[in-house]
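Both complexes shown next keep chain A, but they swap its partner, so chain B is in the first and chain C is in the second.
After this line comes the complex of A and B, so read on.
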């Protein structure tokens, strides 16, 4: 890339020579400026707006908004929801990746497509399908009602919709990673007399830990932030079926802007932490993938 | 795939893991989705058609598809620029900017929705300067488009970055040594090579925009026939307990999503195939 590679036949200052595969400096500056301005306008300004509006009436009002009983109830429900949805999708993701990456079977690519399906479904429809299944007019609604079980407009519906929208996160992260890593190390462990579980805990899991973490933080961010799907199944009962994003909506629609943005800033902080952790994990993950592709795998 | 006869796989756990995968997939995804299709099929064709071609519904399709298309196009142009600068150039703050590109993925849609509204409302951060110029953003299709640009942005950048990083400089050098200007090298050598990735990113941004709800409802104004997107119309029908209406419209949108998913898969296959051909 540096001009030092060029043979010193020419007498021009190497620093001023532009490689043939480089753009003129003016074009570079223009492209960088436009890109930075575009991202600033679309990403940084909204970010600043959340905190700016939330703190408009000072720290006291901000603190009062986020410690309001309804806000605390919403935070609690969001934590419960993510606390159920994320572990379930984690177990599923690991199981699915094990079956798909370590074995050969028919219909594998169809299965992978089906696992990705929830990402293609709009959030509103993700909520609607559970209303059609468990709602009063739904298939199982009458039966559920006669047994005193409420799913829609209650916590179970919120959890189900959240599981649906975050369904692929862990699996889609682990499948390519475990496919790249192959099965050699597991074979070695089994040959040396390890049991299946020992092989998984001592060999496979350490190899995929960064991939697991990556999938989990993305899954968690979406689980805590989901709005459309949860909005459809929740029924918006204050203090009962309100997650943090739904609480933000209620406050906003009541023209209680400072409180809405104060609570929204909590979700924004979560998003920023997610981005930081994600960036760090991504780096580790790339190192790991590089290692696993350098060691020849038996799949050749 | 293999020259050696495949030996029997001795790894344990295939049965239980595949069994659990299929069970969980069936209960969480396939069963609820089939509920939608069966409910929709139960409506009968004439009733279904009547619902999905109502003027108010058709107006919402036009708005949703139109705004999504424009947003995806704008993302394709600026996303290409951003991806290019992030891969090829060095400048201060690049790492932070690179990480920030994922913000629309990480930020809950309701938060982006109210933040964008606060910015573009007539008395908002930017809106107050546009108002005297006669430009109304919030509560118009323009505001909807801006929200959709926000949510779709990472798709284009993130699919293009690896494609640009994998470009082989030799091709550009060859173009330059054959007398092509940098502009020609870009349009004739670089652009064709990254076209599959660009189209994939565009299609993903478009698909995401079609179903988007949270970031749009606050800035849209939600006036029937004017600024009412299809997702909102589904919610409105549900809130009025019009389950057949919500189901029929949702089925149309779901079909559109599936067609796009298929297109994206084909584009990715094309991109992958091409890459293998080069390497």
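After this line comes the complex of A and C, so read on.
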């Protein structure tokens, strides 16, 4: 121990080397304590509480809540919804970002605004839009009814609402990345005789793959966690039109707190996994951006 | 590699889409013939969750024995006004079991899915059970709340859901109004002042009765909860007498939550007979027993377990017809846009 303490004094005394952002020790301790307390209070404690409450009656009760038929139906519906919404938004998002970042055309800014619209609109309004469109008192409701098609208060409505609220995630992630990368490589490919399609698959897409993945992760997290818009169009039929977040609300309202928190812990786990994957992808994304700005061209 | 990933994703999408479609058509084929499986959707209000979870099992058993047909009853719960709105907007309810007649009237008027005289089709104004409005207070009743007068004291916080979306909240409001009318010899202005003072003490309006109960008990907000009698009993059972207790006011309102078959929806998927039998079964000895077990006052108390019925306190009850001239009048005067409630309730006060 004592041997380990001695060397720093003989080498460089850290206190004599002033960092650019040095503060008195007291301030440092204060700031660190405040941040740690804040993180603890607002992130760690609630997270722990979710699992604590879910496991309060033991693993058996936890497992029973998660494998209850209504819970399984909710999980299945959430997976189906995300399974449809995320791939569609992936295709739309890549297409939109490609058009916006690589081409110039009239109405481009209008398109960007439209893509951002779901971010600006409250999710409840997003849900109501679909009720207004497809509801029995809405524009298309009577026609749909006479053809036996059910959109709202059924799975299609939930999927549509989810697609709407998660629409911007992929595109918003890709547009800045693609703009930063510029169009040089595409021009090079085209000059060398590649077709537009070849250019997209061989040049553009490999350049943005981490950005795409990042957008998909965010999009998926939101698709599975969306509450407001889905709540409006769901109809809350137990075991049929309840997604996981809606099921959590129902269980909570039925005084079934253990089950509510057990099912909520699934969403929390999803969030944690998302966070880890997101961090890894973010790191790769940074590298990609650096490469595209530092090296003039070539090594894609 | 990447191309393959995208192709797989595309394939997955189309598969899920296909799966979704086939699932849809499968469920709509159900119930076409008399003997196949049939599903009923019961769109109900907030505090009936436990009641119908129990009653549905009884009915499913009864129907299978009687007809050999397997029936599955699905449930949707929420504030009564919100639920009525959902049925109007196209939620395919086979039966509605809501908190008050007006919400069912609106569905009949706006959609024509069932006749406007629906309330005459079943006994007791189509209400197989009744309830009333009582107070839930914290253990030991620290604010000493005994009757409606105590709710307008300046240091008392009252929890009630929003009368715009919740049926229970409308009963709460009318019960208070009716009490004030009695105290002041029928003076409507005095009653208005009383209810305005009461709502000054309301810090938050939840959209449904269950949300309000959770606000009061789980989140510990407020001194007294205006609640359905059944909801108050249930909260007492769930949280125990060491947390809350029930206070019965000197006078309250007779709340009649009615039920109705949504004829055209039920007919469209061949469930009209089951839907009718489902509601009639609520009046049967088994139905009445289940109703009383879940703290609703049965219309035929002789069928219920005496242990259950003796829990109900004797309260003087007035009806909405006597005091307010029926739901239509009450709704128009008090709860529609620009009505008395809108005039007296100022949020954030």
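General observations
By definition in this document, the second predicted complex is superposed on the first by the 271 of 300 C-alpha atoms of A that agree within 3 Å, B and C clash if a C-alpha of one lies under 4 Å from a C-alpha of the other, contacts with A are read in each partner's own complex, and residues count from 1 in each chain.
The rule is simple: a residue touches a chain if its C-beta (ideal position, glycine included) is under 8 Å from a C-beta of that chain, and two chains touch if they have at least 3 such contacts.
Not measured: the values here are computed from a predicted model.
For the composite obtained by superposing both complexes on chain A, the positions of chain B and chain C are in clash.
With both structures placed on the common chain, the touch criterion links A:112 to neither chain B nor chain C. Residue contacts after overlaying the shared chain place A:150 against chain C, while chain B stays out of touching range.
By the touch criterion defined above, A:61 reaches neither chain B nor chain C.
Once chain A of one complex is fitted onto chain A of the other, the partner contacts of A:104 are limited to chain B, with no touch recorded for chain C.
By the document's definition of touching, of the two partners only chain C reaches A:239; chain B does not. After superposition on the shared chain, chain A has more residues touched by B, the comparison being chain B against chain C.
After overlaying the two complexes on the shared chain, residue contacts for A:138 are found with chain B and with chain C alike.
Contact with both chain B and chain C is seen for A:252 once the two complexes are overlaid on the shared chain.
Of all the stretches 4-12, 238-246 or 256-264 given for chain B, the clashing one with respect to chain C is 238-246.
Overlaid on A, the two complexes show chain B and chain C touching the same residues of chain A, namely 131, 135, 137-138, 252. Remark: chain A residues 20-24, 27-28, 31-32, 34-36, 38-39, 42-47, 49-50, 52-53, 92, 95-96, 98-100, 102-105, 111, 113-118, 120-125, 128-133, 135, 137-139, 160, 163-164, 167, 183, 186-187, 190, 196, 199-200, 218, 221, 224-228, 231-232, 244-246, 248-249, 252, 257, 260-261, 264, 267-268, 271-272, 274-276, 278-279, 299-300 touch chain B in the complex.
Residue ranges of chain B in contact with chain A, taken from their complex: 2, 6, 9-14, 16-18, 20-22, 24-25, 28-33, 35-36, 39, 78, 81-82, 84-86, 89, 91, 93, 95, 97, 99-112, 114-116, 118-119, 125-126, 146, 149-150, 153, 169, 172-173, 176-177, 182, 185, 207, 210-214, 218, 231, 234-235, 238, 241, 243, 246-247, 250, 253-254, 257-258, 260-261, 265. In the complex of the two chains, the chain C residues touching chain A come out as 2-3, 9-10, 12-13, 16-17, 19-20, 23-24, 28, 41, 46, 49-50, 74-78, 86, 88-92, 110-111, 210-211, 214, 234, 238.
Per the touch definition, chain A reaches chain C in the complex via residues 80, 83-84, 87-88, 90-91, 131, 134-138, 141, 145, 148, 150, 152-156, 159, 201, 205-206, 209, 235-240, 250, 252-255.
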